[in-house]
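Going in written order, the chains are labelled A, B, C and D, and every chain counts its residues from 1.
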Amino acid sequence: MICNYGNDLKEMVDQVRIHTKHGKLADYIPALMKANPDDIAISIFDGQQTCFSEGNHQQLFTLQSISKILTLALAIMDHGEELVFDKVGMEPTGDPFNSIAKLESHVPSKPLNPMINAGALAVSALIKGASTEEKLNRLLIFVRELSGNDSITYSKEVAKSEFETADLNRSLAYFMKQHQVISGDIDHLLDFYTKQCAIEVNCNDLARIGFVLSNNGKDSTGKRIIPVEVSRIVKTFMVTCGMYNASGEFAIRVGIPAKSGVSGGIVCAVPNKMGIGIYGPALDRKGNSIAGMRLLELLSEKYELSIF
Amino acid sequence: MICNYGNDLKEMVDQVRIHTKHGKLADYIPALMKANPDDIAISIFDGQQTCFSEGNHQQLFTLQSISKILTLALAIMDHGEELVFDKVGMEPTGDPFNSIAKLESHVPSKPLNPMINAGALAVSALIKGASTEEKLNRLLIFVRELSGNDSITYSKEVAKSEFETADLNRSLAYFMKQHQVISGDIDHLLDFYTKQCAIEVNCNDLARIGFVLSNNGKDSTGKRIIPVEVSRIVKTFMVTCGMYNASGEFAIRVGIPAKSGVSGGIVCAVPNKMGIGIYGPALDRKGNSIAGMRLLELLSEKYELSIF
Amino acid sequence: MICNYGNDLKEMVDQVRIHTKHGKLADYIPALMKANPDDIAISIFDGQQTCFSEGNHQQLFTLQSISKILTLALAIMDHGEELVFDKVGMEPTGDPFNSIAKLESHVPSKPLNPMINAGALAVSALIKGASTEEKLNRLLIFVRELSGNDSITYSKEVAKSEFETADLNRSLAYFMKQHQVISGDIDHLLDFYTKQCAIEVNCNDLARIGFVLSNNGKDSTGKRIIPVEVSRIVKTFMVTCGMYNASGEFAIRVGIPAKSGVSGGIVCAVPNKMGIGIYGPALDRKGNSIAGMRLLELLSEKYELSIF
Amino acid sequence: MICNYGNDLKEMVDQVRIHTKHGKLADYIPALMKANPDDIAISIFDGQQTCFSEGNHQQLFTLQSISKILTLALAIMDHGEELVFDKVGMEPTGDPFNSIAKLESHVPSKPLNPMINAGALAVSALIKGASTEEKLNRLLIFVRELSGNDSITYSKEVAKSEFETADLNRSLAYFMKQHQVISGDIDHLLDFYTKQCAIEVNCNDLARIGFVLSNNGKDSTGKRIIPVEVSRIVKTFMVTCGMYNASGEFAIRVGIPAKSGVSGGIVCAVPNKMGIGIYGPALDRKGNSIAGMRLLELLSEKYELSIF
């Protein structure tokens, strides 16, 4: 099977490229408007020496919401499940990722899950570190380990741009501070949060990160980077709420644990098989890479990757 | 592995029996109050001749919400995916199973998924048949095929009791009629809906129904009863929204496609492995069998059944 | 002052007539589509022998939501304040008149006020009478007394049309039945409710009804028809929530207790001064007579009728 | 009539004093916990030389939400109606004064009225002034003019206490900033907002402020302080949404334009008759002075002050 990836990928990427025309770049984060909307790329890593890639897989882009699964893993490793899930729930929500309504209507006020912004902010507030710099450094080390890429860092430009336009996230954070879901300085939290969203990777990096999750927490050399239980929790959230408000449909159409970001990236972890990295910045209405979604559907069908 | 089920099950059931004391019977459907809250039973069917069972596995109980996955399968088989999902969405919701709020706030008005009452009503309205009797008959034939049990029928007493107290479901149905999600006579729909909820099964029946789903739509003799794609769709909904507002946590703690009902039943489909039927009418606060949930957690852990 | 009404009214009506072009007929009740959208009429009654009228003031139209203040008055007269306000609240709501959301989010479930549909249904359920016919008869007698017009009855055609399309009101009613806000047969309630909405009046009738309220419950002969306290309660609701979602703005711009209906009617009660009846079926976006609103603004300004 | 106020007031105050036992101090603003919960005081000012007062009418307390009507008046005087009501609506809301839900569900995002926190923040952001100090100074000058009391200032202690615990208001403000309802620095806005809430007055001051509103904007010497139209708008909001979620009931039971604060103060403006100031820090569940509400009910009944 593996030997065919190369040709198959090229064919599939060619086939879905047309879909990039029907999507558009995320316009609410100014820095993301610089991407090329025609880009579509994929990398697959199954633990062998190299990734199978197609398209512009060297193109750097920022993690955005993909960072949510990484800070979640790190927070659980920092504090254990119990403490983390005392601050954030485990249930999918039918509301948009940036919604505040349920924080008000639910008693006690607690974000429904770590994949919506409120939940991700609450999780970020838990990362250990004496300063934003230290927290970010710990997260970067973690991401570098997962991807095996020591050069990964964050984009100061994107982070700055997002920090300045993060009023909705500030609103969510202050609301949770009022209700004792989070504590501490909100500007420091936003600083860390926007920097974690601005971490830059390429498709290969995502494929390798996805591989570790697919491999129950071990990298391709067999080194354990995430505890089994944590990798399982992360994959579960990827299925129930990893693709914004299209998670349910994605689970049916594709059936692979995946997390997307509005930069156009998607990381997938096919249990016990492979990690996949996608990049396609033209988004559909729900904020997912429009060509990337179609590409994963073809891939899942052809290689029977659905977990269901 | 299989040869151990017998002893293991007895041990596990003994271990979780204490939890029945911390739950309580569903009190909003009068007929359900007649159950014995101490009951806890399980059946496992892996396609071999008999089920492995423990506890009072012959006890009959009504399907209640478990019927939602069966009418969904039948509706898709009747009309195809496209038509069904034109009437009902695919996304999990953070709201209670009987909530009406999102029908009002979402434009267009459309139930978020077929596992909440509004969605199940919309799906039930699609079942083919010239009369309630014919629709119900078709559903009963389907359930008998899935379970291999020709004696399955519905409880007139429970159906009558539910029909008379179904004002909230009437409210949901008329709301959707106003918004053209459903059409036709609402009393007829409620008649069919409450009868489908009142279909009586035992643990063995559920295990065999779960097996067909786990076996991609074929029964143990190899006979196809549900198309592959339909069985995959059903299992996906079981994971993303099968356990009411505890679906997310259940996916993390257990990781098995499952659907519960307020009668205390749970049907599980472990992909390519087995079907499981649970009965334990003492419920937790979210409406799931309290001892049954614990039993599945033990089982999943011991036999590594999680799909994640 | 009074002697000028005649000329003033003509001038004002001419001035606002142009606004009828910017509104449109209510389209969700088929029977209302037969009205002439260009119509605009007014009657003023200050207790003297005749009304001052302008425009087509003999044109019959149905009360629709205007009936809400009449059933409220009758229900309080039937049962006293305490019982009525145990079933329905006194607070304005920022939600649309036909909204169901707050019935779900408020504990206990109780309509916020009697001017929204849910509240009016709860109030209608309280009207004394052994049958729908008897209830309706009692209400008609009350309306005839208020207006001094013995020929008032209801439109069977409009009532039938509304009954058949009242699925949203049925949804509200069943929801409240589930929560014990109302009891009894819902179809009977809807029958009464749609008939009360279909009571036909003209501008003169409304002006005389408004006069009784403005005169603290006595008609122009000095005969008490409504207790002082009840007429005060009704006028208060007219100010806080009489004009749908435009009540607050109307209170600022006009400042007169008023109740509108989607047929284009408006009844006003200027405390201790006069009753006003308006008819103008072309509605603004919020469901109020578009030219009628402007006419009342001019009138209030010219004669300083605001209570504030 | 006037000559009786003195005796009547004493009797009424004695009568309602027992109600103070059934309320409690606002506990979410630490500084307010220092008040004496047994206090109940009233002042009436009808434009004659002195106020009629009873109880501890010299006791200073902070304006809290009462300030909302003053900044509203000043903002309209600064910018005109049109600009102000482009930022904030005119409609009552059934939601709590500090709710954020409707900012999210309404399109465009805009606070429903200036009496809820979101609306008051939007209005405060409009007050002219190059700095917080200048804005506050302008507001203080305005309050001193209205009350005829040049010594009025704000409590630094209360302002500081509220600023530090204002996370919910920060959340509201950032949410509105995201949606372009307000602009500028949020910390500066919160600084001004918490200081305006901390302006200290006594009952006599409130009675005189209420008198100006009741007298259509002129003080007792005939000097115009607020334009007629502005004083009318303010009184209208006091009726439709001046008493938190009890505004509707207060309009029915009392029928006087009034605005309360969680410090226990209430300012009333009886049109063309008098201003009333109330102080009673023991609050009912909805945040209004529990004895003060009862006192106003007695007063309105005895002197027939209801505008309805």
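We adopt the following convention: a contact is a pair of C-beta atoms (placed from the backbone, for glycine too) under 8 Å apart; a residue touches a chain by one contact, two chains touch by 3 or more.
Not measured: the values here are computed from a predicted model.
Chemist: If you average the CA coordinates per chain, which chain's centre is most distant from that of chain B?
Modeler: In terms of C-alpha centroids, the chain at the greatest distance from chain B is D.
Chemist: If you average the Cα atoms of chain B and of chain D to get two centres, how far apart are those centres in Å?
Modeler: 55
Chemist: Measuring from the mean C-alpha position of chain B to the mean C-alpha position of chain C, what distance in angstrom results?
Modeler: Computed value for the inter-centroid distance: 48 Å.
Chemist: Where does chain D touch two or more other chains at once, residue-wise?
Modeler: 105
Chemist: Identify every two-chain combination in which the chains touch.
Modeler: Inter-chain contacts occur between A-B, A-D, B-C, C-D.
Chemist: Enumerate the contact residues on chain C facing chain B in the complex.
Modeler: 99-101, 104-105, 167-168, 170-175, 177-178, 186
Chemist: Could you list, by residue number, the parts of chain B that touch chain A in their complex?
Modeler: Per the touch definition, chain B meets chain A at residues 89-95, 102, 112-113, 232-233, 235-237, 239-241, 245-249, 251-252, 255, 257, 271, 306-308.
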